[in-house]
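What follows are several structures.
Below are two complexes that have chain A in common, paired first with chain B and then with chain C.
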Partner chain A sequence: MSIFIRNYKPGPLATLYKANIWRLNSTTAESSVKKDEDEEEFRVLDILKKRDKQQKRIVRRTDIQPDRADRMTENQNWGNVWPGPKTFHPSSVPLPLRQGYVPAGQAPPAKKANAELMKIPNFLHLTPPVIKSQCESLKQFCTEWPTLLNSEEAIEKHYPVEVITSDYCHASPSIRNPLARVVTLRIKLSTLDLDKHARDKFIRLVGDRYDSSTDLVTITADRCPMRAQNLDYVNYLLTACYHEAWNVEEWEKDKTEDDMEYYNWDNNASKKSVVNWYLAKRNEQRDLTEDEYRSYDISVIPNAEGYKSAVSSLMNDGESEETVNNYGKAVRKLLGLPEKMVV
Partner chain B sequence: MTSSLLKLASSTTGLTSIVAKCSPVLVSQLHTSAPLCRVVSGKYRITKKRDRPLTYEMANPPHYIAHRKSWNSWNTSSLKDGLRRSETVVEDEFIRRFMTGTWHGLVCSEVIIKRQFNHIRVAAIIRRAVSPTKMYFLLGYSEELLANWLQCPVTLELQTVESFKDVVFKYI
Partner chain C sequence: MNAIRSIWRAAPVVWRPTSFNCTMRPLSTAPVTIQKPTEQVPTTIELDKLYKRVELEMRGIDPAVLLSYSWFCVAAASHLGIEVTKSWALRKAEKERHTLLRAVHIYKKHRVQYEIRTYFRFVHLQRLTGSTCDTYLEYIERNLPEGCALKVTKIECQKLPEHITPPDNE
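This part shows the complex of A and B:
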């Protein structure tokens, strides 16, 4: 199209006329005309291609502001300069820091362009004055500690149940941690309202969750996916065990001496023989039933209490030099024999 | 690791180990395979003219990590019983590639990635070769895209230097 116009270039008038005609027919006509006019100037043969050479790019450096640290006053509020956790930035920290390992005699790399300083987590946002002011502002949300709970014993007395859970903080998009579901409940067995039978049954029910040395029952639950469910579950377990301990089943009456978990002197042959011996000593002839033997008050027998504890400890704590000696002494006292002579 | 508030009673420590034994998902597996190319990886050869520039990071070989230089990724996944190990590593690698590609020829140091809870802090040393306007654009662009992909707030904490020569530690 442009070639066609160039061929008919007798005068500006004709060009305009033609252009107008073409403009009716095509949208590209206008640009062709302009190009045409530019080319009217004298063309120079450009052998070295100087015109095509790209203009050299001028590197314009913007003014670099001076360091913020240089303009800082000594009495400024540092908390405003560094309000939160942030990667180290040398121009805002007015400290002559250096970090890096160098051979002896050289200075470590300075704070500028030092990647090591950017790597380590800093606590520039937790300066003592900032912590103080934050604590001051948090005080309004705190309540006073109850005055009666002034010691460990008081806390233990009023809050015997201890629930232990773990919270996990970790760098991840999710705040969930499967281990946070584990709930441990701890309670001193003596704080529960249990009688002799119920206590024995409770210990049998909880099994190895009871530690006799510390008197603590520890119940742990991790079977449910949520902590609240596990908490409910441990509470349920404690409640269920407690009430079950108080139940006396029909078959529990069949418990014989062989089933006893500890040696009870009152139920055993040792008491029977002591009572018989005592009655024979006083020339009383009485036929006692089993229950009467059991409920016989041994405080009337001189030194029988010592004998009872000696036999019980020998049977319960096992045979050792100490228990055997104690037993010997108790027997001598009970029968009124002289003390053992140390040769 | 940055803030591991562990309210763990002494009695439950035994329990966690039991839990870890029971469920293989929660256990840290110990890898005993020897590292490949232990002798040459992460080390630079001395040139004849002694004109190869090294940054501090490059000047210290990998076995000096935690002795002379620290880690480039800070997160809790690498701790014992840490969660999302593989995901964290892949994400970190992705962030590194994205940063070096987006800030093309401008990143003068390693890309440091620190994670705090769900917040990812990306730190790097950048050359002042582009106009501040472009730099601000790239900053917002990288933060926005990374936050969208990783579904976490991402903060770019950059330090600028005049040229690459500012970060050179020594020539070998």
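This part shows the complex of A and C:
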């Protein structure tokens, strides 16, 4: 700067810069002077408070404790540190957790002031040793399952009735769920003591509540508002159906062959014709009544048993290739015809 | 006034012994009569229920939380000596979708779709007695995390009622 001043020649352009240059010089000189004479500082009116802003410092406490997570020992009892369900707290968990979505190549944010970790329910109060110790103390309220009921068959034999109920646990304004009232009773039909007529009537009474493929009767009740009422109702339904099935009404004697639910060969025309054919073959002339036809012992007729089962399966199981073939074979055997030739 | 108060205060001290005895007499006889019924042992013993199978259905909005909860359920069951037969989750969440117009009043071709996803997990337990079942379910339900729901289906097996016997007509 001094060189510039020495070589300075006043000219027409210089007059423009004159004021600026001297002002610059004056400021540099002022700062150097200030350092030397610190005590006699020229007080400047600082309207924008620029100096105060620079001088502000953060006051740090010297007695601040280190993080709790850093002071934890390895052999501490974690169940005492985190005894119950709580929102995540970084100072209580000595794990280097990271959670959060970041662009590729960056590390997710650490545990401190991490809202992602606080949002999700944590299971820090249910660590395996804690579960084990809690279960140990709960074990005194538990009882053993009877050892003799060790298979499905044994359970089904001694306890044939199944009662199915549901409990619900959820967050809602009410703790009661209307679905908890539904009661279902399930029983195998073969475990009920029923004779032929009663079984048939029972199936007709329960209707589509009986499943023939699994042999299960399922009765569901949801019409009452309370579970106990529905349970009573289900038991009532089973009892009522059972005892009604044993009743024989007057009109039930009018049941004809067309009303039968399955084909009984002994009651049908097929047996009559077989017996007639057999008697004619042996040159016997006999007039048999209906009951005599029914009770006629077919074991005396050769191959009649096979014919009976073939006809029954054809009528009961429906017409299929297998049943029709069986029927053909049985007829050939009964009449003493040769086997079908396969060309 | 103070004198009256002092008499009032002193008075109970004088009559207390007599009044105490009077009240004690009926009381002392009363417990003797009460004790007799308590000595009677209840004749009917409440039998434990038998649950053939217990099915837990958990549903929630976060599959990770449900997974942790099912781990907890299975661990608790194994510590309590309960047999766990099955534990599985549905492959996909159940989605409840609502389709709305993007602009409220016009532009019918432009829609926006919102969905609510519900995740499911199932655990099947078998052969629990009534007290075990109550203890276990209480423990599990108390530790149910936020945002999860639990449905417990209990299949209880019972004896055939005595009145279900064929009627004897003759």
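Note that in this section the second predicted complex is superposed on the first by the 276 of 343 C-alpha atoms of A that agree within 3 Å, B and C clash if a C-alpha of one lies under 4 Å from a C-alpha of the other, contacts with A are read in each partner's own complex, and residues count from 1 in each chain.
Definition applied: a contact is a pair of C-beta atoms (placed from the backbone, for glycine too) under 8 Å apart; a residue touches a chain by one contact, two chains touch by 3 or more.
Please read these numbers as outputs of a predicted model, since none were measured by experiment.
Contacts of A:Leu238 after superposition: chain C is touched, whereas chain B is not reached. In the superposition on chain A, A:Pro178 contacts chain B only, with no contact to chain C. Residue contacts after overlaying the shared chain place A:Gln134 against chain C, while chain B stays out of touching range. Of the two partner chains placed around the shared chain by superposition, chain C is the only one that A:Cys142 touches, whereas chain B remains out of contact. Residue contacts after overlaying the shared chain place A:Ile120 against chain B and chain C alike. Of the two partner chains placed by superposition, chain B and chain C are both touched by A:Pro85. By the touch criterion defined above, A:Ser166 reaches both chain B and chain C. Note: residues 85, 120-121, 164-171 of chain A belong to the chain B contact set and to the chain C contact set alike, using the contact criterion stated above. Listing the residues of chain B that touch chain A in their complex gives 1-9, 11-12, 15-16, 19, 25-26, 55-57, 60, 64, 67-72, 74-77, 79, 81-84, 88, 108-110, 112, 114-118, 121, 123, 125, 128, 131-132, 150-152, 157, 159, 161-162, 166-167, 169.
Those residues of chain C that touch chain A in the complex are listed here as 48, 50, 52, 62, 64-65, 68-69, 72, 75-76, 79-81, 127-129, 131-132, 134-137, 139, 141, 143-161, 163-167. Of all residues in chain A, those touching chain C in their complex are 85, 120-121, 123, 126, 128, 131-132, 134-136, 138-139, 141-146, 149, 155, 158-171, 187, 191-195, 198, 235, 238-239, 242-243, 246. On the side of chain A, the complex with chain B involves touching residues 61-62, 64, 85-87, 89-90, 100-101, 109, 112-116, 118-121, 164-175, 177-179, 182, 184, 186, 218, 220, 222.
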